[in-house]
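Have a look at these structures, which come just after this line.
Consider the two complexes below, in which chain A is the common component and chain B and chain C are the respective partners.
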Partner chain A sequence: MNSARANPINTFAMHGALILYTLIALFPVFVILINSFKTRKMIFREPLALPDAESFSMVGYQTVMKQGDFFLYFQNSFLVTVGSLTLILLFGAMAAFALSEYRFRGNMLMGLYLALGIMIPIRIGTVAILEMMVSTGLVNTLWALILVYTAQGLPLAVFILSEFMRQVSDDLKNAGRIDGLSEYTIFFKLVLPLVRPAMATVAVFNMIPIWNDLWFPLILAPAEETKTLTLGSQVFIGQFVTDWNAVLSALSLAILPVLVLYTIFSRQLIRGITSGAVK
Partner chain B sequence: MQKPRIRWHIAVFLAPAVLIYTSVMIFPLFNTLRLALFQEVDQARVYVGLENFRTLFFDPIWSKQFWNALGNNFWFFLIHMLVQNPIGVVLAALLSHPRLRFAALYRSAIFIPTILSFVIVGFAWKLILSPIWGIAPSMLDAVGLKALFAPWLGKEEYALTTLALISVWQFVGIPMMLIYAALLSIPEEILEAGEIDGVTGAAAFWKIKLPLILPSIGIISILTFVGNFNAFDLIYASQGALAGPDFSTDILGTFMYRTFFGFQLQLGDPHMGSAIAGAMFAIILLGVCLYLFGIQTRMRRYQL
Partner chain C sequence: MTALTLTNVNKSFGTVHVLKDINIEVNEGEFVVFVGPSGCGKSTLLRTIAGLEDVTSGELRIAGEVVNQTPPSKRGIAMVFQSYALYPHLNVRNNMALALKQAKESKETIEARVAEASRMLSLTDYLDRFPSELSGGQRQRVAIGRAIVRHPKLFLFDEPLSNLDAALRMNTRLEIANLHQQLGATMIYVTHDQTEAMTLADKIVVLRDGRVEQIGSPMELYNNPANQFVAGFLGSPAMNFLPANLLQDGNPNTLGVRPEDLFLSEDGLLQVTSKHVEHLGGDTNVIADCHGHQITLRLFGQHAIDAGQSLRLGIAEGKSYYFDAAGARLS
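And then the complex of A and B:
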């Protein structure tokens, strides 16, 4: 084997560089989390110290629980994310199946039309979206957000899923047809279970941007009862900007669900990215 | 002769996706471009042609803000290209080294900022850089560089660059992952053939790997371009809708939000807002076309 590849000094330098960057990446998150558990005095006196018996305090979390309706915000974010993902996956898979399975006039054109949205951000159309949501009475409902995120997620979903559906064997589907299964049964019972890994990839790709979006909640659903966690924490922090305990606790509460989701899905996400799903 | 049967199931499969996509994305997009051609006069919508665009580009009050936002946006993009993508490439090159231990751990940890929301990232950095809390000055003090400290987010000349670097910190995981994937797909035989010819280490990276990952770098550049030209959240979360200090961090996204939604005493103007959206659309379209027809078709793709 080549000596350059196993050189211990090189290995050491590589680990050094990676550890340094990992520290840079994690440091702000770490500082926020540890300080959210400290008294106000200790936050300022020793910002980098871990909370101990003396400096430990939950006063920030108490303020957050009393003043902000974080459970409601969390529930809204959850409903919006799950609702949008369900629609993206169901409708996206159906359209992908139509495009990859059947030959019909306009197939190519339809594929291109749906692919347009991969590159063009939906935010450009915000003025007209708001107008439409106002006139249909959907403004300040979670449905407004679900519809927008579904429309935003569909193009990439259709693109990725149809790539995968082309790989499902024709023999299987034709065997189903000979047995008299309808096209719907073939799709739901035969094809969908086979593309489940691709569906998971699409879900994980869409989940984080939807959960973290600030723009559409701010414009389409700013009412108290429809605030998402991202907007809710933004507004809360804006109001309590001088109450450092409350701000740090609110930030920690917003970080927590994403970190939990990430630990659960990170392998799926990384496998999705590295398998070249986004080409 | 058999009459061609209408295959209804195709329509049923396509309908929901096409309906939602068309009505919530494509139709509003064109409707927004149409609204840019109108103005509100005495509570009635009046067609004014390209008047709004003339105001936006040439009326001193508007054009000053517009060109400021556009220039800032280009600076924002430039920092991403010059800092984010090289760091991403270096990290990916390190991670893809064979027999590196803990690679998965580093990869997952470095990706964490990317999954956080702009609100968290914006405020977390605002607190850390705050002169009141003093984490940044005391850390600089520890390495003897205290004189370098300034309230970066509060100074006109530094604020935009600081925010761009914060955004780089957040998103460096994406180029890292994509390049990492591209590097892994390079077959071992090619590298071994290089070794036999004496091309190893850094030379192997520059002469063999880099040309092979150029297409991925192209994709990352266009993704960064589109992302940066409709960015909004980070600036809004940390500097507010006014993109302070004194509009020095204003980019097209915040400018459009202020214009069409209104802020403080200024009333929202959906028609001028649409005109700005139209300008953003044109810029993004131009960038994407330039990439698709100018760069992607000329790039040499190696068959692996």
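And then the complex of A and C:
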């Protein structure tokens, strides 16, 4: 162990900084959580106080459960996020494999073309996308959202994954070819497990913006049966009156699944990193 | 019977011409070593034979059959890679069995062949381990085992020893030589190390810049090099090259003398000053300066020579080689 790491002052400073950052990052979440369990009056009187016997109230959660089909919204958000992530990772990894593995005419141009999407925000095309969805009859379906998010996520996914795939040993892939594995088996069995940390990174990068997005659900799928969680929560925010209890409760519930997904992916990320280190 | 025939094989990557008109014939049971400096195309040549690269033109036959269009897994070859290239998610047994499973061999055959190979390579105790739990030498043995189980027509080795440390390299070299004797299989071995080439090969193919410089048995190449490149590449320490007119015979060409063909002599033709002396116990290597040219002298046994000492050297009878300005050998 090196001396810098063993030094107690350094250790203290390092952990101090990390703890401070954790507190700052968790503070808004904490405030949302505690206030979601308080009465409306107490939210405004003492926003930072913990709920006690007097101020405790589940009224927000009751409103959320009663008004609107919260579980449907939840399910919609979940389907859209998981569906988009699956497609982004699958197609992103396949495109990245082709770009990094095969020599073909226009390989470089194709790579640049696919990376171009990183620089152009997809929202610029909102009107055209809406027209397209209307003419294909996809408006107010979850597929509209999944397709748009997949398009939005692919450029970065291809870019990151192709960089990582270039680092996968050629010998390993060639050994597979000599042993008679198909290109698909080589891709799924040999290459994907080795780029798992990169896949987890791409998944985390894409997951949060998709889960939190309000723009596309509002424009492409505002119908009751396709509302996502973020859009569903908006019913509690009015121009004149906002039901803060309900908003905070809805937000608290919305945080949970993201936390679960994040935990899964970050564990993959860490496992990927360590398995690479011992090889 | 010929195990492998290459006829006018060319390979280009875009505008870069990597292999130029390669013609090689390998007989069954032969151990052939491709040797050359890095970037000479020897690995590309091996990968072409394996089918991992297409040939641009020319014909490639394995056991008499043209295999230009045959995918690697159908060519009857097995390859051992420098980086071992073991499948990280499979244990030793499955690493070896994978190719046979892909070829839809019966369970009994697979088991028997894996058992046979692991006995040969003393891997029996490690069959359930994963590659990450093995040492470098064991991993290389698994890689060799993976080749053996396939009973290939042709073994291809791509610098299999370069990732091993010196002691292990020597042991594994012996193991490979033994394996060749036991199996009697045709093996093609790529290396940049001339010692490996000299010790293992029945036949050496010296390559430079994508061209075959010379083909022959190790001793043929050593005693009768076709050109200055081959002469300088094989042998350690390397052959000395001097302007022949240092001997005052008016010859405009280059003189080549192997370090062991020089000897100390009072009336020797070459006047040199020793610069550095390496005492190896069995041998003594003297690096000396001869009119501004470096010359290496290898003496057997131990000699008390100091740096800065003046020496006269003689050249053993019939052991001088002459090369013209282009490097071709003059008889």
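As a working rule, the second predicted complex is superposed on the first by the 200 of 279 C-alpha atoms of A that agree within 3 Å, B and C clash if a C-alpha of one lies under 4 Å from a C-alpha of the other, contacts with A are read in each partner's own complex, and residues count from 1 in each chain.
Throughout what follows, a contact is a pair of C-beta atoms (placed from the backbone, for glycine too) under 8 Å apart; a residue touches a chain by one contact, two chains touch by 3 or more.
Because the structure is a prediction, the values reported are computed rather than measured.
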Which superposed partner A:169 touches (first chain B, second chain C, both, neither): second
Chain B versus chain C as contact partner of A:135, first or second or both or neither: neither
Superposition-derived comparison: chain B or chain C, residues of chain A touched: B
Which superposed partner A:178 touches (first chain B, second chain C, both, neither): second
Contacts of A:194 with chain B and chain C, given as first, second, both or neither: second
Contacts of A:154 with chain B and chain C, given as first, second, both or neither: first
Which of chain B and chain C A:92 touches, first, second, both or neither: first
Doubly contacted residues of chain A, that is, touched by chain B and again by chain C: 275, 278-279
Residues on chain B engaged by chain A in the complex (per definition of touch): 7, 9-10, 12-14, 16-18, 20-21, 23-29, 31-32, 35, 87, 90-91, 94-95, 97-100, 102, 106-121, 123-125, 127-128, 133-135, 138, 169, 172, 177-178, 180-181, 184-185, 195, 200-201, 219, 222, 226, 230, 232-233, 236-237, 253, 256-257, 260-261, 270, 273-274, 277, 280-281, 284-285, 288
Touching residues on chain A, where the partner in the complex is chain C: 169, 171-172, 174-181, 189-190, 193-194, 275, 278-279
Interface residues, chain C side, partner chain A - complex: 47, 50-52, 71-74, 77-79, 81-89, 98-99, 102-103, 131-132, 146, 158
Residue ranges of chain A touching chain B (in the complex, touch as defined): 2, 4-6, 11, 14-15, 17-19, 21-22, 24-26, 28-29, 31-32, 43-44, 47-48, 87, 90-92, 94-95, 97-99, 102, 104, 110, 114, 116-117, 119-132, 147-148, 150-152, 154-155, 158, 182-184, 187, 208, 211-215, 218-219, 230, 233-234, 237, 244, 247-248, 251, 254-255, 258-259, 261-262, 266, 270, 273-276, 278-279
